[in-house]
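Shared between the two complexes below is chain A, which pairs with chain B and chain C, respectively.
And now, the complex of A and B:
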C-alpha cells in the first residue's frame, strides 16, 4: 500500500509539474507581451514595466521565471483579469463552485439512474428489456449536449413555460455567497423566504442537470451493462448456478460486488467528459460557472483568465481522479494487483 | 455462405479474420442499418454540390423564415424551410453535414496516423524515455479535450482551420494512449514471443505481428474518436469559436438559429437532428464492430 501511495504521489507531482509548465508556456504562446499575459497589469510607462519585470523575475532566465511563477501560484497570486481587473483566483473561486455543483448533481443522478438500468439490461441480456435500454442509451450517448439543452429550453421553458431558461436563481432573492453551492448557501442564509428561494433554485437546476444527466447516464448504462454481462458469463457464476443458488442469491452474493468493482474506476474516468459537458451546458443556460466565464475570457482575449481557468479545471480533475483512485483502491480487495499508476 | 463450395470433402471451413468479423457484424440488423445510414452520409459528404437544391449561401429576402414543407404554410420547393436570412435550410444541412463529417473524418485519420506512430514507439520502448512519455501522456489526458481546443483557439485565434488543428492535437493523446496499451498487451502474447525467438527485430514484430492484430480494434477506436470529433467540432462551432457564420457547419448553424428559436424552431431542430443521426450511425457501426470482434475472439 505504501509503495502504491508513493507512486500516486509521484504521478500527482509529475502531472502538476507538467500542467504548470504548460500554463507557464501559455504566457509566451498567447499573442502579446508575455509579462502582461502573466500579470494582467498594463504598465503605464517604461519605468513601471521595468519594475514589474524585476518583480516577476522576468529579467532572469526562463527557469527562474518559472520558479517565480510557481511561487506566485502557490501564494494565490494568479494575476489580474484584463477585462475586469479583479484577481483571477478570486473570480475562479466565485465561479468554479457553480460548475462543481452542477457536475456533482449530474454525476450523482447519472449514477443513481445509470447503474440500476445497466444492471437490469445486463441481467436481461439480449432480451426485449435489454434492447430497449440499450437503444435508449445509444440515443442518449449520441445526443450533442448543446442541442439537447436547446431542445429542452424550447420545450419546457418556451412552449410549456414550466421552468426558467437561464441563470441560477431569480434576481428577487439575494443569497449571500458562502460556499458557492447555491442550495447550501440558501440553507445557510436563514432568510425568511428561504423556502421559496430553494424552490426557485431547484427549478433553475432541473434543466441543466437533466441535459448533462441524459448524456452521462447513458454512458454509465453502457459501462454497467457490459460489466454485468461479462460477470454473468463467468465460470464462478456458472458454478454458483450449478450449486443450486437462486438468481437473486447469485446476484447478491457474487454478482453485485464483482460487477461494481470494475465499473467504479471507469465512472471516475467519465468525470472529465462530464465536466466538459457541464461547461458547454453553462453557456446555453447562462449558468454563472467556470465554462461560461472561460468563454467570455476568450471572446475578450483575457489571457490571464484563460490561463487561470485552465489551471483550475485541470487541478479539479487531477485532484478528483487521484483521490477517487486512492479511495477505490482502499475498498478494493484486489488491491495488490497492477501497481503502475495511470490516470 | 458466399459461394457454392464443394461438399466432397468433410472439411471445416474457416473464414479469414476479416470475413469472420464481417459475418458477425452482418448478424446484427441494427448495426447494418447504422452502416447504411453512415453510407448515406458519406454519399452526402462526397456529392453535396449535386444533391443540394440551392446554393447554401444564397439569400432570398422575400422568403425569410419559411417553415418546412410539412407545415401548412410551407412550400415544397424549400423542403426544410429557410432561415433568418432566407437561405434554403435543406441545402445548408447537406453542406453542413459535408463540412462537419468530412472534416471530422479527415482529422481522425490524421490523428490516428500520428497517434499510432508515437503510441507504437511508446509501447515498444522500455526504460526512461517511454516512461517519461507515458507520464506526459497521462497528464495530458487529464485536461478535457474541449479545454485543450479552447486554449489552442485562444492562442491562434478563432476559425475553422485553428479549430481543426486544435481537435487534431486534442485527439492525438487518446490514440497514443490506446495504441500504447494495445501494443503492450500484444507484446506479452505468445505469438510475439515466437516471432522474437525466430529472430525478428522490433520493427518487424511491430509491422508483421502486432499491427495486423490491432487494425480492427483501431477501427473501433476510430469510430469512437470520430463521434468525439464531430461533437467537438460542432461544439466549437456552436460556441462561435470555430467555423464562421457564413460557412455552413452544423454547430454554427445551431448557434445562428438560437436567437430565433422560438419563431423558427425548425432552424435548430433540423441541423441538430443531422448531427444526432450522424452520431447514431457512427456509434451503431462502432458498437457492432466491437461486439463482432469480441464474438470472433471468443470462438
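And now, the complex of A and C:
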C-alpha cells in the first residue's frame, strides 16, 4: 500500500509539474508582453516596469523565472485580472464552487440513474429491454450537450414555462456567500424566505443538471452494462448458481461487488468529460461558474485569468482523480492481487 | 434406484456460424451409492454436462433430452425454484478451475458460510447461528485437509494457492450433505499426497454415507480404483459406457482403446525413449465438427459407413456406439 501511495504521489507531483510548466509557457505564448501576461499589471512608466521585472525575477533566466512563478502560485498570488483588476485566485474561488456544485449533482444523478439502468440492461442481455436501454443510451451519448441544453430551454422554459432558463437563483433572493454551494449557502443563511429560495435554486438547477446528466448517464449505462454481462458470464456466478442460490442472492452477494469494483475507476474518469460538459452548459444557462468566467476571459483576452483558470481546473481534475484512485484502492479487496507477476 | 438418469441429452450453442451441437445425444445414469466416472479429452463436453445438470448455462442455449430425471422427477420441465431446491439440498458440484469458481471479492470464509444450508441451523436460536455455521465449516475444512482454518477463512481466493481453492470448493460442496457429488476434476494440479487424501476422502464418504459420486477426470488409474462405471465421451458424443472392468479388459470402441493406451505405462520391458501411443490429430473445434461419428477423421478403423452416426448398441449393460467395434470376434 505504501509503495502504491508513493507511486500515486509521484504521479501527482509530475502531473502538477507539467501543468505548471504549461501554464508558465502560456505567459510567453500569449501575444503581448510576457510580464503583463503574468501579472496583469500594466506599469505606468519604465521605472515601474523595471521594478516589476525585478519583483518577478524577469531580469533573470527562464529557469529562475519559473521558480519564482511557482513561489508566487504557492503563495496565492496568481496575478490580477486585466479586465476586472481583481485577484485571479479570489475570482476563481468565487466561481469554481458553482461549477463543482453543478458537476457533483450531475455526477451523483448520473450514477443513480446509470448504474441501475445498466444493471437492468446487463441482466436482460440481448433481450428487448436491453436493446431499448442501449438505444436510448446511444441517443443520449450522441447528443451534443450544448444543443441538448438549448432544446431543454426551448421546451421547458420557453414553451412550457415551467423552469427558469438562466442563472443560479432569482435576483429576489440575496444569499450571502459562505461555501459557494448555493444550496448549502441557503441552508446556512437562515433567511426567513430560505424555503422559497431553496425551491427557486432547485428549479434553476434542474435544467443544467439534466442536460449534463443525460450525456454522462448514458456512458455510465454502457460501462455498467458491459461489466454486468461479463460478470454474469463468469465461472463464479455459474458456480453460485450450481450451489442453488437464487438469482437475487447471486446478484446481491456476488454480482454487485464484482460488477462495481472494475467500473468505479472508469466512472471517476468520466468526471473529466463531465466537467468539460458542465463548463459548456454554464455558458448556455448563464450559470456563474468557472466555465462561463473562463469564456468571458477568453473573449476579453484576459490572459492572467485564462492561465489561472486553466491551472485551477487542471488542479481540480488531478486532485479529484488521484484521491478517488487512492480511495477506491483502499476499499478494493483485490488491491494486492497484481502487485507481483502472475502466470 | 436410478439417482440421475440422462438419455439422449443434446445441447445446442449459438455460435457466429450458427447452431452447433456441443453435446450430441449423450446418455448417462447413476445409481444411488455408485461412483461413476466420466472421461474424455479436454473439450469433449464433460464440464458442459455438469453445467447442464445443475442448470448453470445461458438461457439462450437449446437443451433437449429424451429423459433427464433426478430420482424420477424431470429436471427439465420443473420450475426453476424446484430445481434450485434440489440442487441446493441434494446435489453438489466441484467445478474445474476452482480459483475461477470462487468469487474473487469475497473472503473464503464468507463463501463457505454461505454454503451451509439453513436446515442444518434450525435447531439453534438465530444468535447462535453464526457460531454454528463457523463450527460446521471448520469441521469440513479439516476434513478436506486444511489445517490452518483461520487463515484460510480470512483469505481471499487470490491469496491462497490453487489446491487450497480446490479443497475449499470441495468443502463447500460437502457441507450441504448432498446425495450426489459431481466432481469435475477435483484433484487437478494437486500434488500427489493431497490428491490421494482427497480421493481417499471421497471413497470413504461413498462407503460410509452412501454418497454417490460422478467423477470427471483424466486420471484413468485413479478412476479405475474408485469408480464402478465409466462413460467415455468424445467431442460431445458418448462413445462407450459400462462397468469399468469390462471397459478396461475389452474396450469395444477404438477411442476407448486409444484412451486406455495413452496412459503412461510403467512396464519394466518398455524400451527406452519409446513414444507414447496417441491418436493422430486433435479434437475438432465446435465450428468444424465432422458429420457422423465425430471420431471419424482420427479413427484408425474408420470406413465409409462412419459418415453416418452409429446407433447406440449394447452387449448386456455395456453400451457402445461404433460401426466397427473392436474385440467382437467374427465381425
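Throughout what follows, the second predicted complex is superposed on the first by the 336 of 343 C-alpha atoms of A that agree within 3 Å, B and C clash if a C-alpha of one lies under 4 Å from a C-alpha of the other, contacts with A are read in each partner's own complex, and residues count from 1 in each chain.
Assume a residue touches a chain if its C-beta (ideal position, glycine included) is under 8 Å from a C-beta of that chain, and two chains touch if they have at least 3 such contacts.
Bear in mind that the values here come from a model prediction, so they are computed numbers and not experimental data.
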item	value
Clash-or-fit label for the pair chain B, chain C on chain A	fit
Which of chain B and chain C A:123 touches, first, second, both or neither	neither
Touched partner set for A:109, first chain B, second chain C, both or neither	neither
Contacts of A:183 with chain B and chain C, given as first, second, both or neither	neither
Touch count on chain A, higher of chain B and chain C	B
Spatial angle chain C-chain A-chain B, Cα centroids [nearest 10 degrees]	70
Contacts of A:254 with chain B and chain C, given as first, second, both or neither	second
Which of chain B and chain C A:313 touches, first, second, both or neither	first
Touching partner for A:31 - first (chain B), second (chain C), both, neither	first
Which superposed partner A:142 touches (first chain B, second chain C, both, neither)	first
Three-chain overlay, closest Cα atoms of chain B and chain C, distance in Å	5
Residues of chain A contacting chain B in one complex and chain C in the other	none
Chain A residues touching chain B - in the complex, by the definition given at the top	11, 14-15, 18-19, 26, 29-31, 135, 138-139, 141-147, 150-151, 153-154, 158, 272-273, 275-276, 279-280, 283, 294-295, 298, 301, 303, 306, 310, 313-314, 317-318, 321, 341-343
Contact footprint of chain A on chain C as seen in their complex	51, 54-58, 60, 81, 84-89, 92-93, 95, 97, 100-107, 114-115, 156, 158-159, 169, 172
Residues of chain B that touch chain A when the two form their complex	30, 134-136, 138-147, 150-151, 153-155, 157, 227, 231, 234-235, 238-239, 241, 251, 254, 258, 261-262, 265, 268-269, 272, 275-276, 279-280, 283-284, 287
Contact footprint of chain C on chain A as seen in their complex	126, 233-236, 238-246, 253-254, 257-258, 261, 333-334, 336-337
